[in-house]
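Scrolling down, you'll hit the structures one after another.
Across the two complexes that follow, chain A remains constant while its partner is chain B and subsequently chain C.
So, the complex of A and B:
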C-alpha cells in the first residue's frame, strides 16, 4: 500500500515538476498526437488527451481505462514536443501506477514474473542450447540468484 | 579494446542469426568481444511495470561488466542499448538515485558503477571501426540492391541519453554504412515510425497493424530488403510478416536483414555463417541478385 501511495504522490508531483517544464505549458498544438504511430490506428488513443486528463486530476479514469497501455514507448511525442514536455516519461509513470494497482495487461505481469524466476523473458531450453553449441555460440545462463534478491526487495 | 558483448533476451532465443552475423563481422574487422555469462535481461521489459527495478537490473549488468575489468558494453539490441544507457546516464546525473541503487546492489555484493560506456554495434561500426576500414573489407559490393533502412526508436531516442549523436529528425549512420556496401538506399515514408513490437504483449492487433503500415510503404517504394538493427523490430517485420500477409490478405515477401547480415554479405562472408537460413522470409532471390 505504501508503494502505491508513493507512486500516486509522485505522479501528482509530476504535474508540477515534469522535467524542466510544467505540464500546463502544453498549448495543445497536437504534435504529440499527430506523430503518434498508435493514434493513426486507434483513434481513442491520444497523448494530448492523456496530458490533459492528468492536468484535470482525472487519474482514476485514466488508469482504469487502461488506455496508457497503447503507448509503444517510442518517444517520438516527447522528442517533438515544442514545449519540452516529457510525455513518454509521464505515460511510463502512469503504466507503473497501473501495474501497482494490479490493472496492467496479463502479459506485462507475466514478463515481470519471468524476469524474477529466470533472469530473462525468453527461456533458453536444452534445444536452444544445443542449437547454440552447433552454431559455435557460447552457452548462456549464469547464476541469477542475486537478481532474484534485487527484484524481491 | 575489448568489448563485453551484451546479448539480452530476444536475440539468443529468437534471432540467433543476429548474434551469428555480428560475431562473424566483428571477427572479420578484428574487434574482440568477451562473453559474460552473468549478464541477465537489461531490465527494459519491466520498465513499464517498475521503473526503479528496471534501472536496478541495468545497474547490476553495469556492475558485472566492471567486476570483470571491462569498461565498454557492446549491445546489439536497441532497447537493451537505451535501457543500459539510460541507467548509466541517470546514475551520473542523479546522486540520490545513485546512492539508492548502490545500497541495493550492496545486498548482493556489487557496487554502483558510473563509468561504463554502452555502445550499439551499428555505432561501433560507424564511429569506432569507421567507414574507411569497413570499406577496405568489402569484397562483393551489393550493386543494384535497393535497401529500406529502419532505424527504430531506441537506437536514437530518448535524445538526452544520446547527446551529441545523430537525432531522430536526421539519422544517418545506417545510411552511411549501407552506402559503403554498394547498395542503394530507398526512401519510403513512415521511416520514423515505431515497429509496434512493444504492443505485442498487450494488444497484438494494433502492433501488427503498425508493422503493416510500414511494410506497405516499403513494398510500394520497391525495396529489395529492409535493413535494421534491433531483434524486436525484426520480430515484427520478419517473424510476423507471414502472419500480417494472412491477416490483411496481402503479399510482401520482403527479406529483413540485420545490418551485420547486409555488411557480412558485402564482405563476402558465407550466408550460413551469417545465419541467413534462419531468417523467416528467405533471402535467396536477393542473394542470387548480388552473386
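So, the complex of A and C:
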C-alpha cells in the first residue's frame, strides 16, 4: 500500500520535521498535560508522555496502544506550550500512522468505513430525518461521489 | 608600669545617634567620679579629624596613660583610635574601646534612662579594665621569598607559575611521576561551552615551567612532615630513594581530588569490564586501548551515583561531565544511541542550553525517581539496564554495550595525613576547609598556608585556575612585604606556677604551644592567635592572655555588678561573630531589654569557669556565653571548646547551689542580629527580669 509506506516514511523523518519545530526543546514542564481536558478524565493520557516517548524513539509502543486516539484535537496544549511545540499536530501525525498500520481502534475503523460509504461518521436513520424536518432543516443524504473523489485523490 | 594611672574618657555623641538617647553630659560628669579618671570629654564626632587631634592634645596635656573611648563598635573603629593613641605617644594596647551606640542608644531607644544607666555601667567596666591594662607589642616575623606548592595539577601549576613570575622561589611537589593531575587524564575539557584540548593546555604550561628558573619541580615525592609557621616552614619530602627538606615561607595546597568510586558490584562496577566511571572512560578514550570503542553502539550514562543521599550532597560537577562526555561519545560514534539517566540536571550558565543541542543530536534523557535508581544486570554477556521513567511511569529496559557511572568526588588520597601535618581541617568528604567562605576563601585559619582548586571543592578548570591565581596572590602578600605583623594578643605562660600537665599543649588549636624535654610548655608567638582557650582551661591558672587577662575581665564583671546585680545579665561575646550579631542588632535598631552588660573576648573559648562563677557569686541574674555558629570559628574549634566548658560549668554551678539554667549559650553569626535580640528577650523573660 502506497499510503502506508508514505506515512511511515513521513514518520521516519518525523523527528527531523518536528525537530525543526523544536520537539527537542521540550523541557518537560507539563503544561500540556496540566491543561489537557482529556487528562482530567483519562489519567493514563498525557501529551507530555507522548512527546517524551517520541524523543526516546518509542513510536511502535506509542501507536500500538490506543493512547493517541484519546486526543480530541482541541489544540489547547499547542496553544499554551511555552516552547512553541506543535503538540496537537504531532499527535495527529501519530493517529495517521496508527490508522495506516491498521492499529487504530475498531470504532475508528468503522467510522472510516461510514465516511467512505455514506460521507459521514454517524449512521443516518428515520429518526434524525424526522427531527430535521420538524426543525425546518433540509433532509440529508444523496450522492457522495464528490467526497469519494476527495478521499481517494 | 609603676607610674600613677591617669585615665582619659572620651565619649562620642555620634551626632544624635548616641546623644539623641543617652544623656552624654551626665556620662561625662559620671566618668569623672570614677577612680583614676583625670579627664572626661564629650565629642560630637570623636572619629573626625578635628576631634582626633583634640584627643591627642588632651592625652598630652593631662599626661594620660590610659584611654577609654565610648562610641560605636570596636569592630569598625578600634583600629582608628588605636592609631590615634599611638600617634599621641601611647602604647596602643592601653586603649579600651566601649560600644555605647550598638549596645545602648540604638537598641534601647525608648528607654532613655535605662540606656544612660547601661552606658554608665559600660564605661565603668571599661575604666576598671583600663586601670589594669598593660603595654602590648605587635610581633614582627620575617617572611622570606620561598614558597612550596603541594600538588602538580592545573591549580598547582598555575599557582607555582604565578609565584615564580613574581620572582619567588617555588618548589612544586607532585607525588605522581608527571605533572598534570586530573587534567592529564582527560580526553576533553570544556570552558564556557568551548571545547579545549587538555593536552595543549597542559603542554603550554609545562613548557612555561621548564623555562622558568624560579621553579623547582619534584615529581614522585610524598610529603612526610610539615613543621613550623609562616616565614619558617620546613617541609620534608621523600621519594623511593631518599628524602629532602625544603625551607619555605608560605605553602599553597593544591592537592586536588579523586573520584568516589562505587563499591565493587554496585551497578556491576568492577565486575563487568563494560562498566566504567566517567574518569575511567576519559582515560580509556584517551589511550584508546585495544580498540575500546569497537562494537559500542549503545551507551548508558547514570548520574548521581552515591550522591545526593543522606551521606553526600550534590557532587557539583557530575551533570556537566555527563553531558560533555555524552556529546563526545556521540561525536566519536555517530550512529550510536546514548542514554543519560538522571535525577535532576543542574546546568549553570551557558551549560543550560547544551541539553537542547544534545537532544537535537538524538541523545536521550530519562529522568528516574530519587528512590528508584536503575537496576543493572548481566544477562549472558549483555548489560541490561532497567530504569523507571518518571514521565512514562513505567520501567524501561535498555541493552547497553557500555555503562558509564557519574560518581561524586572526595579529597585526594592521603589528605587526612596531610591535613594533620598542616594543622588544617577538612569536611567529611576530605575537602579542605577555608578560613571563611567570603572573607578568606583561599586562606586557612593558620597564616601562611593557602588552598586552591579541587582540594577545596570539586570544580572545573576555569574556577581552579581562578583560585590558583588567588592563592598565589595571597601567598605573595607577606612574601613581598618581607614580614608579617601579628597582633600582640597572645598567650604567656608563667612557668614558675606551671606543673607541666601538658593540657595547653594538647588543647591549642594552632599547635602554638610546644613542650620541651622536661614537659615545660612554651608559646610560639608567631603561631599563637590569642584565642585564650589554653588560659581558660589551665588548671594552675598560669597562662595569661595579653589584653584579656583574667583579672581584667573579673574587674569588668565586678564593675558591672556593683549595683543591682539581681537585674543584670553578664554576657561574654566573642569579637568576631557574637559581637557582630550584637552590632547587627544595633544597626537594625532591634529593641531589646537593657539588662545585659557585655564583655568582649576574642573567642568564646576564653571564658573560664571562674569568670562564670564570679558573676554568679556577685549575684548576677544570668550569664550568657556567645560565640560563632558551628562549624565556623575564627580559632578553628574555640566554640566547641566553649560549649564543653559551659556544660562543665553548669554541673559545678549546680553543686555550688546556683541554678544552672541561668547560664545560657548562644551561637550567633555576625549577620544574625535578630537572633541576639531574640535571645535577650527570651532570657529576660525566662529569668523573670521584666
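What we mean here is this: the second predicted complex is superposed on the first by the 125 of 153 C-alpha atoms of A that agree within 3 Å, B and C clash if a C-alpha of one lies under 4 Å from a C-alpha of the other, contacts with A are read in each partner's own complex, and residues count from 1 in each chain.
What we mean here is this: a residue touches a chain if its C-beta (ideal position, glycine included) is under 8 Å from a C-beta of that chain, and two chains touch if they have at least 3 such contacts.
All of these numbers come straight from a predicted model, not from anything done at the bench.
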item: Chain B versus chain C as contact partner of A:40, first or second or both or neither; value: first
item: Touching partner for A:25 - first (chain B), second (chain C), both, neither; value: second
item: Chain A: partner with more touched residues, chain B or chain C; value: B
item: Chain B versus chain C as contact partner of A:115, first or second or both or neither; value: first
item: Touching partner for A:49 - first (chain B), second (chain C), both, neither; value: second
item: Touched partner set for A:107, first chain B, second chain C, both or neither; value: first
item: Partner chain A, residues of chain C touching it in the complex; value: 356, 359-360, 362, 364-367, 389, 391-393, 396
item: Chain C contact footprint on chain A (complex, rising order); value: 15, 19, 24-25, 28, 46, 48-49, 52-53, 55-57
item: List of chain A residues in touch with chain B within their complex; value: 35, 37-38, 40-42, 69-70, 72-76, 78-79, 88, 92-93, 95-96, 99, 104-105, 107-112, 115, 119-124, 128, 131-132, 135, 137-144, 146-147, 149-151, 153
item: For the chain B and chain A complex, residues of the former touching the latter; value: 7-10, 12-14, 16, 19-20, 23, 35-41, 45-51, 53, 56-57, 60, 104-105, 107-110, 153-154, 157-159, 167-168, 192-194, 196-199, 201-203, 206, 209-210, 213, 275
